[in-house]
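Take a look at these structures.
After this come two complexes, each holding chain A, first together with chain B and then together with chain C.
Up next is the complex of A and B:
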């Protein structure tokens, strides 16, 4: 039977509730005050362990180096910058939980996001719910497309922009008859879908799109499905799956029968030299050339120095690790993009986030140490980075740039499909 | 179409022989120790890494065929004493303990070897035209090596003192101990042998797959399916099931999506669990 509420106990409850509410209010006010004058906290949703930890290592290093540089220069709008890092474990479920930790417990005001497409796609609804800007560094176009929101941004390329930038030239230069073979998860599916559209738009034909399960070890069943009429093969794999693909494709002599073209993701954190020629002759999309000579300026050189990589292979100075250079730069540049937007909008506390969003929409960034990848713009409507792109070929174990696609050409090839800037904050 | 069916069936058979080596190690450990070894895929991964280090240090690929199982055996014996022995008899705890072991092995390799996957060049280069494609010669060689190793293991089990001890302890521990067989030593050796088999499988498969700190994660489910279909602890049944599964998946892949092929294996496993819980090959093998 329910206990009858007496007047005394009601008053006790009301007083206790009032005291709790008052304390909470004081806490919120204290936090708000602290935010306005204390350090700005940027959360780094970083894949430090798990399947793409070889990439996450570099994102962590680049983000830390960027924060150090900003703090040496006086911080952001006179406030010190703090970086709070959480490991996503390269796992969407863990990543989602860690993002809540970053925002709700560590009080991160902005997020430099995961490069794992599954993690970033599971994170955007949470970032949106918690009204926090989330910069994706992975490539699934949905993050700033069909699943994008007012809070999701990127400075780099995605599967849509990669297809738009590179495939018209590739179809014209390599051949019209294509086969796509891809890792059967968010990024691979997105790559296959976007690439097919652009291959056909350029007058080409896709004979087959072959999905490969993520747990595949033996590629023969999938390689056997590639038609002998194929002129160009587009593989979309990352990490160990990518090395396994190139190893087995090479050993079966596919490289002698057809050209191969793939996204930078397929060779990220891997030096072609280290896989014993398995990727020799393959063309790769890049958005920040691995070799300094392909974009030879002081900002690029200084960036390499500060992140600790050499100018040829993007290999760790004094070590063996190779940077995921066409992705890792975003962990650096996203922080500088936030700095620019925060300073332009006069951001003080979380309630000013709309101003930062408006500043980011359509924001132009100039080739500098803050933006060593080059001049760029975050397109207002779909929050995508419009940047210079490159197509390189592995020659004697090095990625040699063969074609540069200016950002103006990319913008022209990539019509708007979503307008995130009209969504509510 | 006929060529594709034959190719995928044959490739399944070849791949199945390599996987059988790894699954056999899992079955040996389960059969004698009642350990559900979640870390077994990582034993395979350690084998690939040991083969890679061996090749890097000596420049000789073949030394890896000795180094990987020998070091694997030693690591396995140490793990049995430190991790498995304290939880002897508690099958449920073994899942938690070996899951922890799996994470420790992966992270140890990530820290020492690195997170970047590597490629090992096959010692035998070249292809032969087979059913419409150029088939890698090393795969045929690897299947032959796996077959010899499997035969060697069963000879060891039948004709050596340790092999007979292992079978005796598995059959009836109390009587074996009463007959003077050092059961504790047999446990240590058995876990070592299980690790060595998986590590050898890793050394053989490394030039075909990759060397990667998470390389064992994907192998484990297939091995478990082989052990379940073959019959828990039934060593010859496990080998037969691994070959059968890979062969069947190859056949299904020639007419359907690879995912459908994996589903068909899972359906087969479920049917065996329902209809023949002692394994498909109970009664055919000892």
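Up next is the complex of A and C:
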């Protein structure tokens, strides 16, 4: 009996190995390293499906449009630019796998990364190990903070910079007594934590921080915890949870009792017009105004045209989708930032990546079609985008800019917490 | 060709392939597939934990992701928060998973069938939501990433999982050891007790087996296997996240096991290989690749209820019977009585 079982298990082992061998892709692929004269491959680690796909759609569109534009202008350093896109499925496990796929299989030399915090944080160690620059487009501050490396960069804002840019003005303008209500997961918790620090630093007080489970359908038990003394409410929700929150808060008349201020993520891919006035009167942080008139220049207008959105709601021309404009621009600009750094450093192959990193550290970008969001700098030490920010209010169903916060003010309000530029390559 | 020669041929091919992966694969295709095969080994160990319970004890668990997650977090917290080196962190991951399996098993194995399945899902969900909400400790769904400490230091040389070849062989060694341990247990008197409970727990209790204790032992062992796989996956990904503790992850292990062959030693490895390779090939071209998983699971349940390995074993048994029938009668020196 024992002999029979032993033989069978031996056979089963053989079968498994055979299956693995038989299914392995035996096609000879391209060289592991891009040739100095061949195309440069940028990988797009894009959330095309899953929870955050309504944003990923726009990142994909923006990245493709940017690559087309660069190739029309002669590519990067005279080499054609190729974009390889992989769907992260808005899932850290899939995202990590797809990143290896992009780098090891598709030979992507640089990565324009996910907007999903979990995906980008799971990706950074892999990108670092494979010595590949990874631009995060999401808001987890850890990506260029405590979990950042020499290879992790961002041109946009994170929960730290959003709080630093906006809350000093908000506390002064809206009131000193705040309540925070947030989706009880990483982004909501991070927003609550960073915001509390800056509200208190500006002389305000946070009465309560109320976590709401992700599967909440009825907000009443949580809205009931908001103190009547609250002057300003800071909600932190995304997507359908955000719509549900504003709808129920409005029906309870909270908008008449207190001001509300939230991050751009709460209204991304949503046109205020489409939610029947639920967000009317609410203030939102933006880093690329939805309305052209708020940053009225030809670069912004041309960007809108090339990405295929209107100049008011950032809505798809001829469609209903709304762009996540305060995040989606990064998929465009990150590619141009890489182009600038590659050309400045004389990059030829992967072994020259350190030069690109050094070029990116402290790199200044000028308001142009390449950088339609505006002038900006990637701060050398923490690899964070220092950019102009805006605070807008929903009025008659449109986001109207009320305050522009210059990038210099952001830099001043956001002291360095980490120095990634001293880490080894 | 006889059954034995087929078996030997397959075994030699498999062993040769597995040992040559780090050199063979890059010569034929790209390094990416070495990572995929490493991942297959880890996930097949996870599926083996579901198989131990379902295939050998008759307990359908949708909660193995909980122990996988504890294995992951033991490693990640050990390295990132406690500053542990490789082996203590690995040990912490495994011990955490075993401890959690013991605590939840005390309650879960009192139940059977759908009640057991439900309680395993409930445990998984409780700790999933706890992990999501405890961001300062767990990183929530953002997770925790960490830098790998070296595995060994010999004088001036350092062995680390950052070397893909070393990583592959490390994972292969650990997974092989776990499968060997499982094989020894299944073929021991303890394993026979598991099978007796699977086939008829009432009869098993009537012949003096303590069904509760045996189920608890199996549950903790399955937690151990899931914990080892979780710890390996944390090392492989340099990352841990609450999202891996969701019951859907457990469900994948059950599907891989059923399609590969529940109650067979290497069924989970075959099922996992099949689905991960399909996923890697299809997912770059078609985002709805999981539909294929569903279709294959349905086909397997209808046409191969014992899974691919069960089907193969059936063919081999028939081949063995044919060999025996066609063999010449055995000559003996002694006269028949």
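Methods note: the second predicted complex is superposed on the first by the 392 of 425 C-alpha atoms of A that agree within 3 Å, B and C clash if a C-alpha of one lies under 4 Å from a C-alpha of the other, contacts with A are read in each partner's own complex, and residues count from 1 in each chain.
To be clear about the criterion, contacts are C-beta pairs under 8 Å (C-beta built on N, C-alpha and C of every residue); 3 or more make two chains touch, one makes a residue touch a chain.
These numbers were taken from a predicted model, which means no experiment stands behind them.
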item	value
First (chain B), second (chain C), both or neither touched by A:184	both
Which of chain B and chain C A:49 touches, first, second, both or neither	both
Partner contacting more residues of chain A (chain B vs chain C)	C
Contacts of A:239 with chain B and chain C, given as first, second, both or neither	first
First (chain B), second (chain C), both or neither touched by A:142	second
Which superposed partner A:211 touches (first chain B, second chain C, both, neither)	both
Contacts of A:416 with chain B and chain C, given as first, second, both or neither	neither
Partner chain in contact with A:317 - chain B first, chain C second, else both or neither	neither
Contacts of A:425 with chain B and chain C, given as first, second, both or neither	neither
On chain A, positions contacted by chain B and by chain C	49, 184, 211, 213-214
Chain A-touching residues of chain C, taken from the complex the two chains share	4, 6-15, 17-18, 25, 28-33, 35, 37, 39-40, 44, 129, 132-133, 135, 139-143, 145-147, 162, 183, 187, 237-239, 241, 243-244, 264-267, 269-270, 273-274, 277, 280-281, 283-284, 287, 308-309, 312-313, 316
Parts of chain A lying in touch with chain C, wherever the complex brings them together	2, 5, 7-21, 23-29, 32, 48-49, 86-87, 89, 91-94, 96-98, 100-101, 104-105, 117-118, 121-122, 124-126, 129, 140, 142, 147, 184-187, 189-190, 211, 213-214
Chain B contact footprint on chain A (complex, rising order)	49-51, 53-54, 57, 184, 211-218, 220-224, 239-240, 242-244, 246-248, 251-253, 269-270, 274-276, 278, 320-322
Complex contact set, residues of chain B against chain A	4, 7-8, 11, 15, 107, 110, 114-122, 125, 127, 133-136, 138, 205, 207-210, 212, 214-215, 217-219, 221, 249-250, 253-254, 257-259, 261-262
